[in-house]
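Data block below; observations after.
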Amino acid sequence: MYSVEVRDRIMIAHSLPDPFFGPAQGKHGASFVVDVAFFRETLNAQNVVVDIGAALDVLAGTLKELAYRDLDTLPQFQGKLTTTEFLCRHIFDACCAAARAGALGADGANLARIRVTLHEHDLARASFEGPVA
Amino acid sequence: MYSVEVRDRIMIAHSLPDPFFGPAQGKHGASFVVDVAFFRETLNAQNVVVDIGAALDVLAGTLKELAYRDLDTLPQFQGKLTTTEFLCRHIFDACCAAARAGALGADGANLARIRVTLHEHDLARASFEGPVA
Amino acid sequence: MYSVEVRDRIMIAHSLPDPFFGPAQGKHGASFVVDVAFFRETLNAQNVVVDIGAALDVLAGTLKELAYRDLDTLPQFQGKLTTTEFLCRHIFDACCAAARAGALGADGANLARIRVTLHEHDLARASFEGPVA
Amino acid sequence: MYSVEVRDRIMIAHSLPDPFFGPAQGKHGASFVVDVAFFRETLNAQNVVVDIGAALDVLAGTLKELAYRDLDTLPQFQGKLTTTEFLCRHIFDACCAAARAGALGADGANLARIRVTLHEHDLARASFEGPVA
Amino acid sequence: MYSVEVRDRIMIAHSLPDPFFGPAQGKHGASFVVDVAFFRETLNAQNVVVDIGAALDVLAGTLKELAYRDLDTLPQFQGKLTTTEFLCRHIFDACCAAARAGALGADGANLARIRVTLHEHDLARASFEGPVA
Amino acid sequence: MYSVEVRDRIMIAHSLPDPFFGPAQGKHGASFVVDVAFFRETLNAQNVVVDIGAALDVLAGTLKELAYRDLDTLPQFQGKLTTTEFLCRHIFDACCAAARAGALGADGANLARIRVTLHEHDLARASFEGPVA
């Protein structure tokens, strides 16, 4: 299995209003370093998984709605706990949708899996990996 | 599959008394940076894999018996070659036991897999990954 | 010149309400990885700059007022632009005060300089370095 | 599953003569940081996956044909697009061949899988992982 | 002294045609991760050293002439040995010129020093630091 | 001021037999990642600070007496507390001596300063920087 993995980053504010989260119930924030890996069984005619420039563009496009935002104020997250794990899945779904919509070119249709990793800081990170439905 | 991965570290001395290990047969030591990833198919009601604070506490608890110790003097390692791979498995077993004992709360019962990675230094690392039995 | 440098981290929310900051004028946040270096011309009788455990405690104590907080709501920052550079200086001042107050033991009185570095994410960081007044 | 992963690096020049690659069609180059992970279900009698010194030697031997070379001038790459993905597979094949040839000792016969990761720089990397045929 | 440091990267080919360089005399290449730090004694009215977006733009602009190029073919480098140290100074000079030309806004006039660091790979890096003339 | 910085690593055991060190009084160990930076005001005729291969060889030679050893058993360290700071200075002195002895070629005579940094693990590091006497 081949993969190509690209990196970008966002800075967001949010709160996690459930007693489960202790001091993180209040408004705080995070810089997330975001890695997205695209997996494929075989390479295309140019010997790549996907065009790396297109992969970076897809990732940047996916993050645009989140960058420099207070997630508590965004309609799509009302009533949701925007944990790191949840955001991994949210970005995974957006990358899958972009692949299906052709944003990665014809190669997007041949992807087997995508893995999204969000690094909170040096000591903690979360990920979601699944098939490109 | 979701994961959350946390990091801690220990400094230990040991020897590897088998000719296989060449210069590492004598007493030497290591700073191990330890990453433990907890994998789960679905998130809990709070949208997390496990409470990240509990995960850090479990890891710290697991490492307490090793920190600042000469592993050659610990009863549990008599007659064992305490390689990096062996220690990955040792820490994996301790994390599984902690999960079963409830140290990760109810979510510990829903973990699919755990992966323990020990970084010896910038050029070498080992890991063990397996199902939470 | 000798130094010892320790690391900790915080997650905060804030806004930067000045047109200078473009999209960062709104409420957003950051995970800051914080490195503090203590500099000294000579070592103490135990061959260290300062006790590294005490250095980590001083750093952790300094960060406690900031961790998981919305800086816009803290009295000490009213009317201030809490940029990364500003926070470097704020933490520097707190570390100097802690050193003068004896939190680093007798060695704190012999420090020449302190440098505080805040990493916003993988692409950007700021620092303040100065003499321990 | 156990793994041990080692790191080395090469600096190479090449071109990617296909319009697909835009500005990378011209002669340019890369420093590749190369990680090779060896996977195995059980440890050997010395509690290791493979001898880490042998693993580092195999990796160094594999990279020798590439180091400080213009890949466009090497016979084995004529008519090939030497993308990062392609080079991952090339190094994977060479490591498998070395394992089969006994360069990792008897343990090389017990490897389940090998994964080769090439880091282009801080924002992008590719990998190939497969069974040791 | 305050600093803000930003990161970008380039991939280039070149040769070092002097027997001093052994195997690096032939055409090879590098991915350089480039860090540029801007130093200043006091902050501006917005509590920053320079606008970080402008700093990233200045760095990107400086690297544009080098990205994906064979440095041996560029007129400005004819007869020069384009070592990592030399390129640090070249990028330093370009950043100073950009600051003087106003690309960092009014704050560019208040910079005390600039430091350029080029990371060749994980084991080696070079830097040049000097006053903004 | 120009610099070139190279990296190597060692794994050692030692104890710190002074009540000051709490749990680190017993035998334990460390993997030290070692960075040595060589500083010089001007470049040589080949546009380098020093030959980077020679720098790596000097560093490796300096570390040979320490690698895989129990520092408590080495004659040169009897009665010394081999803290990270102390080892920085020890390696600094050895690098200066190597430079004076010609191990860096003629360029070694033109070095202004050397800085040695030892990383204990991800959270702590020490350094010593001084003029090449």
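Descriptive notes on the structure:
Each chain carries a letter (A, B, C, D, E and F) given by its place in the written order, and its residues are counted from 1.
Following the convention adopted for this analysis, a residue touches a chain if its C-beta (ideal position, glycine included) is under 8 Å from a C-beta of that chain, and two chains touch if they have at least 3 such contacts.
None of the values given here were measured: they were computed from a predicted structure.
Within the list D-E, A-B or B-F, C-E finds its counterpart interface, over half of the contact pairs alike by residue number, in A-B.
Contact count check for D-E and E-F (C-beta pairs in contact): higher for D-E.
Centre-to-centre separation of chain C and chain F, using mean CA positions: 27 Å. Averaging C-alpha coordinates per chain places the centre of chain B 31 Å away from that of chain C. The distance from the centre of chain B to the centre of chain E, with each centre set as the mean of the Cα atoms, comes to 41 Å. In chain F, the positions touching at least two other chains are 7, 122-123. Within the complex, the chain C residues that touch chain F are 1-8, 43, 46-49, 51-53, 56. Looking at the complex, you find that chain A touches chain C at residues 7, 9, 11-14, 23-24, 26-33, 67-70, 73, 120-123. Looking at the complex, you find that chain A touches chain B at residues 16, 18, 20-22, 80-86, 88-89, 122-130.
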